[in-house]
């Protein structure tokens, strides 16, 4: 394009133009692209362009032993890897009619909630960054790092812990871990006040995020929205409560809902869930020492472990929404087919495309981050 | 020895043009150094606000970081987009930086310490700041990029709108001071902290500084750059030294706005303790130090805003400028005019 | 040649150069930029005539505001310059020459040798350094020319209102926020904390 020819000759004169929003763009999460058609600075059409991160997890899993896949699954979603491990382990356990010992279940819930804390801190930090408030992002990353320290202590891995396996968890909690976790929770709870002052009570932010990317409850249900995004439309649906897995039915927590269904509501739901996660973790810290037992049940020799033929659909509540594994076994030592139902695949493609239409260009990044979609999980 | 002294004494009258050049250099060189270390201060201060350390690798405590950055940018290739007009592409950053430096010609650092003491100083400042927008517009257009063009359009609209609010705020100042000369405006604020114009012109003071933030395209009004939306806006295609000049212009403008706010509302070189019992304790402090301290206050505010505010949306910026600031300034100009006519005590008697 | 004279010829030459470039460029954006250059040099000429208020106002208003908006429009025009043949220039040349000639004749009639010159007007005496052109202009505007000034202001106001009225349109297809609604929103409109017991664990089938 030359300055003299601002529009290519073949185009009919029009005040619409296309803009590539990604895959290298500071306002996009990870390697992901949106192609938006604009009139002025209003989006009139948005098309998600996924696939930059496609690594073929589902196919890869068909070539690996049941237990080997544990090392593969957390890589599907980088910011929130633990639900992947736990959900896969649960589905294999269902196939093999195993049940993890009670203590392992408690430790799994502890991990899940720690992971949710880390992921939510990351999520609204990212949203703040799309509005130019990088402070919140740096705070979120710094506080997430403290949670990762605890993960490292518990599992040996900071991000990909590879700690859960069918039949339990690898080892028991280290000595003094629970006290250190309790201290971290106290710190985080005090820190939430700072986040409120900087971000959630920031009038500029509230006016930016309110009414942006709003969806009604009906739309959300039709589009397959789950997790905090669904709860932000006023529907109190949480897999942890409505289809309890592990020991969630023994814990006390509230399901946070908001009525507006916009970017602000989604973030406020996450903000509320941070508090609930801390509450759950406190209960675990209090009750875990009294839970007896080993942390794993004996499993067959992993190299010659043939799961009985059958299929299972197992779901958990990840920080992004309902995460499910559909695993089919034909009785071999490897899965016949694994389908990952990642919440982001719904949020970042269909929902993002629909919510972007009519929004301003500057709100597209906000919509994407407020949906908390995770591109690696979209592409898998 | 005597010859040298004679030469130095007669220098200003013998070579007036050279003498002016020397004085320009004396202003611009420290200014550029201040700009360089302002970037360092920004990265450090915002770093601490964001629980980071900021630059700390180059030199002791990172003191040499701005120098390293400048050297790096100097040796980087300048990539000119194909089909862009080379002359305009290179001219745009200079148009952005030029006014920011030229405005210092009329700024008094101390009583009588000013390059040119012209009567229409305030008008001159207004004219120059209004010209600065050309750098942005030309850069955005000549880059041949949609992102750059979007940034340029946003920025042009924003600067033109906020110039009006800024201009009205300055009208209030000149009504209060009864002069367009910046030195006279400072002299009109004699008498200590409470006599400065920030108090009688409080709404104008706030509006002037906020408009200044908007005028320099700084957070929370940085829609022209809008990193998460249009990547870097008008200077997305610029690299190397051309980018560095835009960068310098932004920071030079920030210092300029801080200096202007200090002159017009915080009494420039005047001591805050004038007229109080502490006046005699601080007589040894030269006026220029007070002036620099006041600049630092506003410079810090610029950085603080950036660390604690999300970006406004474009329509919100426009709403704020046209529907809030301009009406308030118009009303307050009337208030000030009435106060001046009726010689309202302590400030206008 | 004194320094002032040199400056005068320099600015005058630049105005003419910029004017010529303005009408010969094919790309309207370049034309607009040359117009800006012409304004700058005209401001320089006025400055030489000790009309510093007018000079600065020319830069402030025309360069800083009017031309910015002008550029704004011109840059967004969908003009394919390649299609604008140089023939256009030739086609409009006769009309242009006609208008230019008319203007030259009119100017000669007004400022020709019969009406203008050192023998009719004495050469103006340079004012003392303290003289403020701005103040003089102000006292003239607000005393002798009070009514024309106010009427011009009212006409401009009408023009602003009319321009907004002509261009204002509502777009139903966009999602806009209503700030007044936003401000009035209450906590109960948005937040609901659900407290209910967990359901019992489902049986595995």
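Chains: A, B and C, in written order; residue numbering restarts at 1 for each.
Simple rule for what comes next: a contact is a pair of C-beta atoms (placed from the backbone, for glycine too) under 8 Å apart; a residue touches a chain by one contact, two chains touch by 3 or more.
All of these numbers come straight from a predicted model, not from anything done at the bench.
With centres taken as mean C-alpha coordinates, the chain found closest to the middle of all protein C-alpha atoms is B.
The chain pair A-B and the chain pair B-C differ in C-beta contact count, and the higher one is A-B. The distance from the centre of chain A to the centre of chain C, with each centre set as the mean of the Cα atoms, comes to 52 Å.
Here the spacing of chain A and chain B, counted between their Cα centres, is 44 Å. Per-chain Cα centroids separate chain B from chain C by 23 Å.
Residue positions 3-4, 207 of chain A each touch two or more of the other chains. Among all residues of chain B, those that touch two or more other chains are 141, 315. Looking at chain C, one finds that residues 29, 179 touch two or more other chains. Contacts from chain A toward chain C in the complex involve residues 3-7, 9, 13, 42, 44, 94, 207, 210-212, 214, 234, 236, 240-245, 248-249, 251, 254-260, 265, 268, 272, 358-359.
Against chain A, the residues of chain C that register as touching in their complex are 26-27, 29, 78-82, 171, 173-175, 177-179, 182, 185, 189-196, 198-202, 204. Chain A contributes residues 1-4, 17, 19, 25-27, 41, 128-135, 138-139, 142, 198, 202, 204-205, 207-208, 360-365 to its touches with chain B in the complex. Looking at the complex, you find that chain B touches chain C at residues 88, 118-120, 123-124, 126-127, 130-131, 133-134, 137-138, 141, 149, 153, 156-157, 159-160, 163, 180, 315, 319. Across the interface of their complex, chain A is touched by residues 46, 49-52, 82-85, 141-142, 144, 146-147, 150, 219-220, 222-223, 226-231, 307-316 of chain B.
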